[in-house]
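For reference, chains read A, B, C and D in written order, and residue numbers begin at 1 within each chain.
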């Protein structure tokens, strides 16, 4: 079987350089180009690349994707900052290149994606759901974007299923004790030296609890998701938003 | 809206008496009969019952279901001991009463069912998977039936997806340190005073881990699953085996 | 060896009736009296009782202890509501009966007492410490009294050791996300159906974390502490406040 | 206040180079020498060093400590391989230099040391105790040395306190399900990609459990213990074995 020809854009960055190594180590892939800032996209066309892994910046990503789509190169995109306008633009470009696939993923960690998916699926079946995220103390925002997103997915799933509000008999509380309220889901943020990035979803019903916990210890955790996306984007034309759509959850 | 008319068979048992209370407490149900050992099934027919919750014994269950199916009464069954012969018999009976539904569930705990389902779905996406079950020290078997079943589902999912064997560089080990081997999945059983029934599935990949934990604190945890089954069996003709088929996991 | 002669006051209460059974089941103890509301204390004197387990109410406890101390009966006290005045009164009474011991314990759960003790001991050796308590959703206060007390003990230990304030780079936060501030220690309260009473102390330093977790599943967890107190109070004259003083932690 | 003058031996090694940085970063210390393989010890004498951090090899450590003790230099030693003979030799040397202190620590992680200490202290107060250790799958031995040592400390504490054997009604078990038996304490070893080094001690009694968990994410976790040892060894003449003796646990 011939190998998938892959290029990495943003190859000098923290995640990009890791992606270069991951593609090189994959038995079924060949790294045909690794471009950093200032390198010309034109070299891509000559390389016979089939999939581009796009890990640059919001300032560069649209130009890069325009080029890829025009040349029928599939793309797996980790760069952030997606507005509705940008997504609409992408869809327009893709409509002119019907065989080309683009995967944009806000999070390439399979563990994080499954945590959110499972939380969303389970949320309607339990009376109570809370989210706890735990990070190193250098983090500037609380709660984390992932925790907020998880809570929103939970709230939306419960709303759709017509769940009652969560039971909570609290009468007297210290300020902040019950966490932040994200669409009715309490979210608690812990900051502890020695931690990296962790999240726990606690679901409780009559006589039982279900806990889903994700521990992220290194950004190398993005690599399996990037490789999985790279393998599947070639047979998934059009725009896909979120790695969860590439996971078989049956 | 008219209420669902429900009867409980085995109503004097530990789970049965709990089911009686749960049906009585449900806004959308009416308890029309609660039969114990020796009570006549004929009273059921007169009660206008729509769904029977069957929580008796392997010796009684076939007779009860024969009666129910002949009278077009749906059934939600927690009684155990299902052989292929019994299931085939049930299917034969049901083919003669095409509108009637029977749900048999080895486990009515939604948390336990979701733990198994999520473990099965996630198993192929991680290099390593192990199962830890924790129970009170009066338990006679190790590992628990649920843990063994969970490990088998994991192994089957990995086999189908063509996963490599789990990495394990162990060269010297004390006997038993690495747990029991269930189809290639290590399973560890902990027995501790103060515990009831708990299970943890640990999944590990490059730079991250995902943990799914179920804590069962009381057999009241079966009630939400019994009620859910009762509501859905009326619109699900034929035989359904496993509560997971009644959960919407999209 | 002759058995320890024990009486239970408040023997009809939830904890008291459990204590009656625990004393009866203990090989080295004999239950000589079990008094409920309205029963006369005088019967105690005739019973030859050596230790009274006092589990009544703040309204009764002082009268009961006055009687015990005057008769040289040791006491193990679970009743709450201790002011400095009451403790001073007790000490005065005890000074007149120098061989008599009284143990007052706000918490008889050995697990809870050890959690607090270990948290206090470890607190000075880690940069970060946070407390998470998890309870059933019918609880009226947040955080729990135990969690608040634990945080205060941690804060006091860190102050004594001259620890720096905890690192926390949070710049933008949702209200409540970082928990309640108890003397500089963040405390988070989770309310979940299916839970009973649980507490976790998380300590983090460079490259490592230490977690101490207590799960209380039933008030029978008070019994080992009550029995331990009963055995040791007979050789510990005077007033002891807190079960931790009866634990050998070397 | 004048700074403590510290030298690192084995300064080029993985832990040694980290120790160099940690000493340089400490406000109350001055790094006066950092010696690698082949560097002459004599330079130490001239440096006015007060404490040597010894992180070399079993082949070098005795020569290094002989030199230090003869020159009245205190030592904090992480090098392993200590026999009774070697310790006796050290004591002989130290008896000739009564003001000099040597700390040998098999483990400089404060979290690991506290986990063992707390497990040892709590062990006698619970009916059941089990140890679970979790490591990356490249580890060659199972269970880990730390887990085995922890189980031995627990077993010894229970023996001294006259505890009954642990309750366990297991009648039928798969091979290995109940873990390895270390002096009567079950020990379970989990190997999972994505993990580093983790250990959990589970203690269970009537109605409650206590869990002590240590997560080690990086060998930088040894640094606070090395610095603490360095500060305290100057006022602790003679041989101290184990960092726990330098922790204030009251």
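Everything that follows uses one rule, which is that a residue touches a chain if its C-beta (ideal position, glycine included) is under 8 Å from a C-beta of that chain, and two chains touch if they have at least 3 such contacts.
It should be emphasised that the depicted structure is a prediction, and the values quoted were computed from it without experimental measurement.
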Between A-B and B-D, more contacting C-beta pairs sit at B-D
Remotest chain, chain A as reference, centres from CA atoms: C
Are the two sides of the chain A and chain D contact the same residues or different ones, given that same means over half of the numbers occur on both copies? same
When the C-alpha atoms of chain A and chain B are each averaged to a single point, how far apart are the two points in Å? 33
Return the distance between the CA-based centres of chain A and chain D, expressed in whole Å. 40
I'd like the Å distance between the centres of chain B and chain D, where a centre is the mean of that chain's Cα atoms. 46
Which chain C residues reach two or more other chains? 126, 194-195, 203, 205-209, 215, 217, 221
Once bound in the complex, which stretches of chain D touch chain A? 194-196, 215, 217, 221
Where on chain A does chain C make contact in their complex? 126-128, 130, 132, 134, 137-143, 148, 166-182, 186-195, 202-209
With touch defined as at the start, can you tell me which chain B residues reach chain A in the complex? 109-112, 114-115, 118, 121-122, 124-126, 203, 205-224, 228, 247-250
